[in-house]
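Across the two complexes that follow, subunit A remains constant while its partner is subunit B and subsequently subunit C.
Here is the complex of A and B:
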């Protein structure tokens, strides 16, 4: 097989841009699964929900989907609080999170998908923005703005989350919950309030990631499933609960998928994340930057 | 009741069910019954790992499809007889269960669940790209013209096979539950560390139940290609198999073999009615809502209610 330079360069650029977006998709799971130990497999469903919210508002009022998602992120935050409260009362408090909690999130994933299917049908929905069809060229390498804008927003969000968690008082409280809940209780702090807040934050990032998704590609209710393997692969590969690890894992996965679809055809791309997930689980379950 | 007695009774009931269905002249009856039986096997199989052991498998559809596509492969390859297809699909799906279990069951249970979720996507991608078994276009599987045992049509043979397989799955599930293996699995479910300390060979038991569970799910899929005469990846990998095989044991009750049976018969029948009277999308919504409702409000399912009611009555008297 030949590897022409232009093709390889383009694959690298596309992979890195895609990887940035994957970081935005996975950062929420890195918080909920990696730090709070809440295995939210419904995360991709909230991402697709974010896509459709951005789509509706864009269609009605013509506002840019990314702006919509940032303005409406308090809504997703509130939704996250509600879901965590139900999860805590029904499963975590009774010590049933491992089996029934998983089934609960699976049910939510499924219900969201079917409701979107009933309302919007199976058609792919797309948002046209001012920058959708512009592409910058540097020599033989293409930089489509359709990927650049989500990349910049994603990177800003991920770095913002990391700074928030490491620099602010409340952010450090979240990290403390991740380390030792019991110790927190002994200090007279209620870890449940902190977990509720952090879980809500993770759902808010899903809303924004959804808007980025619909800028990048057309969205259909069932595509959320393809992201389940991806978000957990990124999370495990990067190291549980490490935001920088998530970013690194996402970039690696983006590159791997980009190279696979360039050289083997795009229909093989979904298999990449699973291969990486299994390899990470089998050889380095603690991840690249794990504690 | 001893296992042998139970097996004899189960197969007698199966034969009675087969005989009784000869009276039904309606084609719809076979389609509805076949679907419900398929769900009984899937739910029973899921429960061996999910209910007995406490490990969630989200990839029932993948195991089901592996059974179905093993049949497709054998059909294309040698025009194999039905019995060989059933045996091969069961073995291949069992090996898949063993492999996924071996890679992920040594870690926290969550990783197994996530791996099975991703497994469905990957096998789907794989089949989509595999032209020999039809790829994205799907494959046509013609039912043989000659129907053995003097049955009127081939559907009757598939239905008979399905009834026998259902009885087989229930016998296996009950035998595991009542044996020392079942007690070991229950110990793992309640507290894995304590079980390990008490000398329960946890990894070996988990691998065993993952293998059996996967094999039975695959078995349910082996007759699927002949049943529809046409298989395409999105039908064989349909997410509704995964959701139903989780929802049915949860609704029926997960601690015994009876729970998945009750759940599958109830939920399967409701879905048949809704599918005819409303639509299949609403059908899926109902399953999803029932799943969430039961898991949050009645975590022990219908059998849990019955047990609680019995206990109260005994205490009352």
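Here is the complex of A and C:
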């Protein structure tokens, strides 16, 4: 097996770009599942919802899908608050969050898919942006803007979330909820309100990730299911509740997929990615940056 | 004696009532169809065609004096749902006939049930499914010819061998799924037949997001020809990656599902230029498809309203034709006897909206008719340009040929 420099460099770039996108789709799960212990299996459905919202605004008004997703992120935030409130009142408050809560999110996944199906039909939708067909070339290395722009946005979002959680009072409160809810209650803070806020933040990131997805590849209502395994794998590999870990895990899986596809055959990519996950968990069960 | 007469007339009345009740029972035709999942766009377009057929038949008074009713379930483009759907159709819904859903992936898992129940099974666009089963009541409406393993890729490889100088190497790539696997199997046989050296032969998982590493790996082998067998989402991903990486080869394409439909045609637009692929119809050869006009007149308006493929050149007419074959066989045999239906379908020719159809011994079309085409001059993403001649050159079969292939691929991307 030969490893020509150009192929290696391109594999690194492609892997990093892919990893950045994986980080964007996984960061919300890292918050909800990793920090709040809410198994939001419907997270990919919110990503697809974000794709369709970006698509419809782009089609009607010509606005860039990523701009749409950022402008409309408060709406996704509000949707997240509503969903968490229902989840809390119906399941968490009654101590039935484990199995019934899981069924609740499965239900949301299916309902979202069916609603999208009824409204938009079954065809694949894709957004053509001004940068979609442009590829920059530096020497022998290609930088397709279709992947570069989502990568930059993803990185900004993940770093932004991490800075918010680590540098602000409310962010630290979210981290405190992840560590010890009872202690927070003893200090007179309502952990439910903080969890509601954090869950809403995770759904807002899903909305932005959806816009990135529809720039990268065509989307149809049920495509979110393909991301369920991936987002949880990234989250577990990086370490539950660690945003930096999510970024690191996503980049590792992106690089693994890119290198395997380039040098050993793409059909091995999932086996290698999940092999890395198993190996990492064998040596560090809490994930790469998990505590 | 009087009592006996009363009983006789009562019995006669009951029999007549029972017979008339049965005559009023609809004739049920059951199938699974991909209404959600990756192939839902195609599945829904096929369903609309089948519904139009049922409405047409019922407007003519039904079949065997009974109204036709379609009983269908969403198979979610998931092969694992197929056996339970067909068991339910036969055991619970008690359908009279079954046909397949769309595509190889969902036809193959229905085959064991059809064979167990001795059902005549009309299939919609399955590639070489019967090669492993050898079921004598299987019929397939896609015009891939009597030897689909070879026939499906024959046009692409025949065209490749017309390049001057003759190509020496080929790269084969496709998704990890039933159809691409069978198409690649045929492509390997074609490579052997034509003496091309296979320098790359790999498959990729269907949920791949970025295809550029695959295209670069192919480019590293510097193939003269690249054959791709893919489903719609990966067709789009591969075409984009090929354009981004700037694949340099003499001929690219072959077995991409999806570019026959309006959705991908409009989304990919000029990115399709230079690519060689298969089509069931092209406006450039409309004179040779006079029968299709009748179907398009029925379909296109309805498709726009229902939000499915507004072109209707590829799958929809064949879905309608599949039902026409059944209709003609039922009328000719005068019943629903599965053996008689199969015998009739093996023996006679059918007149349909996709032309004359005659089946070979294995249930495939007796003569292949899939077109090998090259796209060119596509600009922008509007649909109108695809409805009239000017952007497609038909390269094969020779009866339909409108021009020669333009090569190399990268120099003909306009």
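Note that in this section the second predicted complex is superposed on the first by the 260 of 291 C-alpha atoms of A that agree within 3 Å, B and C clash if a C-alpha of one lies under 4 Å from a C-alpha of the other, contacts with A are read in each partner's own complex, and residues count from 1 in each chain.
In the analysis below, a contact is a pair of C-beta atoms (placed from the backbone, for glycine too) under 8 Å apart; a residue touches a chain by one contact, two chains touch by 3 or more.
Remember, it's a predicted structure, so these values are computed and weren't measured experimentally.
Within the superposed three-chain model, A:96 lies in touch with subunit B and out of touch with subunit C [touch as defined at top].
In the superposed model, A:39 makes contact with subunit B only, not with subunit C. Using the contact criterion defined above for the overlaid structures, shared-chain residue A:86 touches subunit B, although it does not reach subunit C. In the superposition on chain A, A:59 makes contact with neither subunit B nor subunit C. In the superposition on chain A, contact is made by A:115 with subunit B only, not with subunit C. When both complexes are overlaid on chain A, the residue A:226 reaches subunit B and subunit C alike. When the two structures are aligned on the shared chain, A:17 is found in touch with subunit C, with no touch to subunit B. Contact with subunit B, but none with subunit C, is seen for A:274 once the two complexes are overlaid on the shared chain. Of the two partner chains, subunit C is the only one touched by A:4; subunit B is not. Residues 113, 117, 222, 226, 265, 267, 270 of subunit A lie at the contact with subunit B in one complex and at the contact with subunit C in the other. Within the complex formed with subunit C, the residues of subunit A that make contact are 4, 7, 10-11, 14-15, 17-18, 21, 113, 117, 120-124, 126, 128, 133, 135, 142, 144, 146-147, 216-218, 220-223, 226, 257-259, 261-263, 265-267, 269-270.
Contact residues of subunit C toward subunit A in the complex are 35-38, 40-41, 43-44, 76, 176, 202-205, 207-210, 212-214, 216-217, 220, 232-233, 236-237, 240, 243-246, 258, 263-264, 267, 271, 306-309, 381. Contact residues on subunit B toward subunit A in their complex (touch as defined above): 50, 54-56, 58, 103-104, 107, 109-111, 113-115, 117-122, 124-126, 128-129, 239, 243, 246-247, 250, 281-282, 284-285, 287-289, 291-292, 295-296, 299.
Within the complex formed with subunit B, the subunit A residues making contact are 39, 41, 86, 90, 94, 96, 98-100, 102-104, 106-108, 110-111, 113-115, 117-118, 222, 225-226, 228-229, 232-233, 236, 265, 267-268, 270-271, 273-275, 277-278, 281-282, 285.
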